[in-house]
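Presented sequentially are two complexes of subunit A, the first with subunit B as partner and the second with subunit C.
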Partner chain A sequence: MGQRKGGIAGLWYDDHECVVAATKVREAGFKKFDAITPFPVHGMEEAVGIKRSPIPYIAFGAGATGLLAGVGLQYWTSAVSFPLNVGGKPFFSGPAFIPVMFELTILFAALSSVGALFAMCRLPKIDPPVIDPDLTSHKFALFIPEDDVGYNADRCEQLLKSLGAKEIKRLSDY
Partner chain B sequence: MSSVARKPLILGSKTYKDITDDICAPVEAPATKRWFGLLLGAKALFLFYIVHIAIIIGTGMGLLGVNHPVAWGTMIITFVFWIGIGHAGTLISAILYLFRQKWRTSVARSAEAMTVFAVMTAGIFPLIHTGRPWLDFWLLPYPNQRGPLWVNFRSPLLWDVFAVSTYATVSTVFWYVGLVPDLATIRDRAKTKLRRLIYGTLSLGWRGSSRDWAHYEIVYLLLAGLSTPLVLSVHTIVSFDFAVSMLPGWHTTIFPPYFVAGAVFSGFGMVITLLTLVRIGFPKFKDYITIDHMEVMNKIIMTTGLMVGYAYGSEFFIAWYSGNHYEVYAFTNRAFGPYWWSYWIMISCNVVIPQLFWFERFRRSIPVMFVVSIFVNIGMWFERFVITVTSLHRDFLPSNWGMYAWSWFDSAILFGSFGMFLTIFLLYLKFVPAISIAEVKPVLYVGKKRPGHEGGH
Partner chain C sequence: MANHSANHAAPMPGQFVPSQTLRTIYSVAIFLGLVLFGLALFKDGDRAWYGFLTAFMYWTNLALGGLFFAAIQHVTKAGWSVNIRRIAESFTAFLPIAAIGAVVLLLGSKHLYIWLDSDVVAKDAILQGKSAYLNPTFFVIRLVVFFGLWLTFSKLIVGNSLKQDQDGDTKWTLKNVGLSIAFLFTFALSYSLFSVDTLMSLQPHWFSTIWGIYNFAGLFQSFLAMLILFVIYSMKKGWLRGLVSEDHLHDLGKFLKGFTVFMAYIGFSQFILIWYANLPEETIFYLARSNGWWMAISFSLLILKFAVPFLLLLPRWAKRTPSHLAMVSVLILIMQYVDIHWMVYPNLDPYSPHFSWQEVGPFALLGGLFLWSVTGFLSKNKLVPVKDPRIDESIHHHVVY
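For the complex of A and B:
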């Protein structure tokens, strides 16, 4: 999410409780808060209010590009640049060109989706600060950044505690 | 609640922390003597392999048994064998993901690692088989000063270049994307600076934000959706190397589905072989890779075994039904000609022996499934031997007939390739979590009551 910023984090030891809390935090009016979990928690996207990822459109576009690249490469090399008569087959041998068209479609789509994933998650991050090392193991956190709508450190702490947070951490840099 | 309760996927009463601890333990604990012993053995075999490949490249392909008329030999046979092994990994990681098979989570990581390493092992063979591996870049369509003269896009061998390299790239990327959150787990548990640096770099600074997970899950789904047709296309195209030719025994339309079924069959054989050993090496993994998991895979082995059995029968039927003398001869010669023994090894290993899995007792017995899986591996290597050698050695003209001249170097590269594969696989077991931590946790409570929650989930 762009620049690093401070904020307040609440930690839960149970994924369901964290999802319930996330729903409540969103209902309290916060928009930019985030959940940090060791695995994709069922229902968390809805609870935090995250829109569906646009990556499938990128994958489709890249796949279509790959397909056209396959057609273009084979057409140009076999029929334009150096037309060779191979066994009397047409220079543009449609059916024979399908495998390479298919493979390039898959290759472009797959690599672009992963590229888009890295771009959207802003990976790689160099040694980013971590709220708690157990957040990649068995703890679940909600983080409210200081620039969120109506942020007030004490009020947020109160809210997270009332939602059952087992630990509260104030961060100056996340 | 349905009346048939689901069986738990993870045994014992574990918490999320226990899962992390169990799976990270082999990566974090000092290497055991047994592991070093195995690595040393595999490494020795690998070095033996490298030396023999170097001699073959230095001297020439004549060291192998390839000759006229059997111009395709061990290199191609073993290439198809290893590529086929890889298919089970993609089936588990991609196809079963699309079918929402939750049991796949425990075995997906290792099966996919097997895919990547098997494709690496396989990829070397055709490159050497070209005879002049230093000119292998000629396989790619690159602008050159010879015209420019381009590759022949009408050739199945060229399709193979694209299929196998795409397959290798996409499987590796898929595997790595799956690894990133787990590498972050290891990073956050790291006790030393060096470990933190290495795993921190590899995990790319992953923090598990729910916004990142949202993108991540979509990309994982996309990669599964893309890998599924990809894996089917790869062995289809490998089979085109044979089927597009005019040779009796090769020129059959059944080849693509037959090859794909055989590939999945052999791959699951290798998964069972490896995972029975992993379970012995890491006893704690028995709670994750349970007998139930193994049983399901044995069922797949039997199913795909029956499919290849059907293909063997169908080939014979069509050879007879077609009324083509050359076709009939090719198949009679396969079963009763000079290479009859290879054909019957194939039939007994692939069709007869897996029938043991009709019995639950054998499906759930580790020693039995280990032995059967070894037979499946042997049988599937012989299947490719039968297809390649028996079809080539007696074609249309009797004056053209001959035998494959199996040499010491054929044995060396066949067995040596296992050294390469096992070396990489052993290193993987030590340095990377061999079960997907982030994928196993969401299925922790499948078939179990969740503590502190009413009802089930």
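For the complex of A and C:
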């Protein structure tokens, strides 16, 4: 199910060696390669060259939208559509609106962050390719996809091997 | 990293030496403050003592914030903060002076607290009802107990940290966990009551059950701002090279942003319940703060103590740029003064705020003493707890995205 992106993966048994190799692969000019590790590895973001996520900006924009939506909703319901006199307070009562404004800010920001994460990571993945089941326990992989700049299966295999990869897996292997 | 031995070779911090400028600043502040406070007492006793109370709360809060911060680092067994913990601990050097300040405050307490006047209480049924708590003897006992507890805990917790500098024994770290837990429980209760005694009882008919937390929120927010300024100052002098980096500033900035939100949250929680219920006995507090310029000051707290610093601290770069972070910290420290002024001064004049040399006097006096005692502590001790077992974790502290 789904389209599998071809490519080549090198496996390491040591997280530090994998980080060093990732730096070298990035320096070799590859842009779209990824690291697959069983746990967050210190320094891996820098080594792979992962840029900052745009999710904080999406969350901020969505939060600001939620804030305005909170004002708009309450202004419309309390002061325009169905004005009710509550305790002699003005129809448009700022302090009374703040809790709802706050809640909608959080709701919009949180849901948009999760939504953006799903969209950017193309989740949910029904049937992700399994390079090696041990990547969830004690092995560390670098995966170079075939659409990366200057991709050449043999050259990549040479590169990964020269960087100390213990195993090499091509797309056909899994 | 915690299993590294304490004698592992770590970079040594530089020696904190207060510069000539710094020494001139606090000497002038102490001298000028003393003169102005004396003149203020001569001119208008009531106002001088209101000014003293405001300054006393401001600087005492910062000293207590240092002890509170050190305690939560011990309780959470934090590694990242080891290299900045000593600077927080140094703020407690002001606590003995704060205790003397409390005695001085007692001298002027008749100017501040009407419930100390037995003639007033005799005519006031509400104050009679509260007299089991609000009476002169119990007030003095409470102040003695509170400062006694705080001084004891700071002597023990900071003392253990300093002893570790000598022998590098991990037992001091372990001892401080239990002590810090005990202190945090004690502090929660004692500081709440302390803020009720010193600030809420200025208006003894009025009450707010969230008062202690609101004061604590301002305490911790302003403490973090002051800590950031001291850390940046020491970094600029090069004393923390290889020990404290912008990653530590990043986390301090997050802390500051978090407690900026906390302060607004608590402040609003206090306001909205009173505003909604609209009961005369509760609304008097906000009514006194909505006349004339007081209204502008009330709004300035919302905008300049929350909205502006919050937005200025939001981006990642903002917390990693020392000059920017220092600017926001200064804003928060100014607004903390405005906040305490806003709690205290409407009891002197509910129609107009007052700020002049009479307020500057005691603020400069205690501020100068604060700088003198804190820089004195830092010059006598190492700037970083060099033999803390978790120091490696702090040296290699790294904030991932």
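Note that in this section the second predicted complex is superposed on the first by the 167 of 174 C-alpha atoms of A that agree within 3 Å, B and C clash if a C-alpha of one lies under 4 Å from a C-alpha of the other, contacts with A are read in each partner's own complex, and residues count from 1 in each chain.
By our rule, a contact is a pair of C-beta atoms (placed from the backbone, for glycine too) under 8 Å apart; a residue touches a chain by one contact, two chains touch by 3 or more.
As the structure is a prediction and not an experimental result, all values here were calculated from the model.
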item: Three-chain arrangement built on subunit A, subunit B and subunit C clash or fit; value: clash
item: Superposition-derived comparison: subunit B or subunit C, residues of subunit A touched; value: B
item: Contacts of A:L73 with subunit B and subunit C, given as first, second, both or neither; value: first
item: Touching partner for A:P83 - first (subunit B), second (subunit C), both, neither; value: neither
item: Partner chain in contact with A:E103 - subunit B first, subunit C second, else both or neither; value: first
item: Touched partner set for A:M120, first subunit B, second subunit C, both or neither; value: first
item: Which of subunit B and subunit C A:S53 touches, first, second, both or neither; value: both
item: Which of subunit B and subunit C A:G150 touches, first, second, both or neither; value: neither
item: Colliding stretch - subunit B into subunit C, listed as 1-9, 181-189 or 415-423; value: 1-9
item: Set of subunit A residues, in rising order, touched by both subunit B and subunit C; value: 40, 42, 45, 52-53, 56, 87, 96, 99
item: Subunit A contact footprint on subunit C (complex, rising order); value: 268, 271-272, 275-276, 278, 314, 316, 398, 400-401
item: Footprint of subunit A on subunit B - complex, ascending; value: 15-17, 20, 141, 147-154, 156, 158-159, 162-163, 166, 169-170, 173-174, 177, 181, 184-185, 187-189, 200-201, 204-219, 222-223, 226-227, 229-230, 233, 237, 240, 437-439, 441-442, 452-453
item: Touching residues (chain side subunit A, partner subunit B) in the complex; value: 1, 14, 16, 22, 34-42, 44-45, 48, 50, 52-53, 55-56, 59, 73-74, 77-78, 81-82, 84, 86-87, 89, 93, 96-97, 99-100, 102-104, 106-107, 109-111, 113-114, 116-118, 120-121, 123-128, 130, 133-138
item: Subunit C partner contacts - residues on subunit A that touch it in the complex; value: 40, 42-43, 45, 52-53, 56, 60, 87, 95-96, 98-99
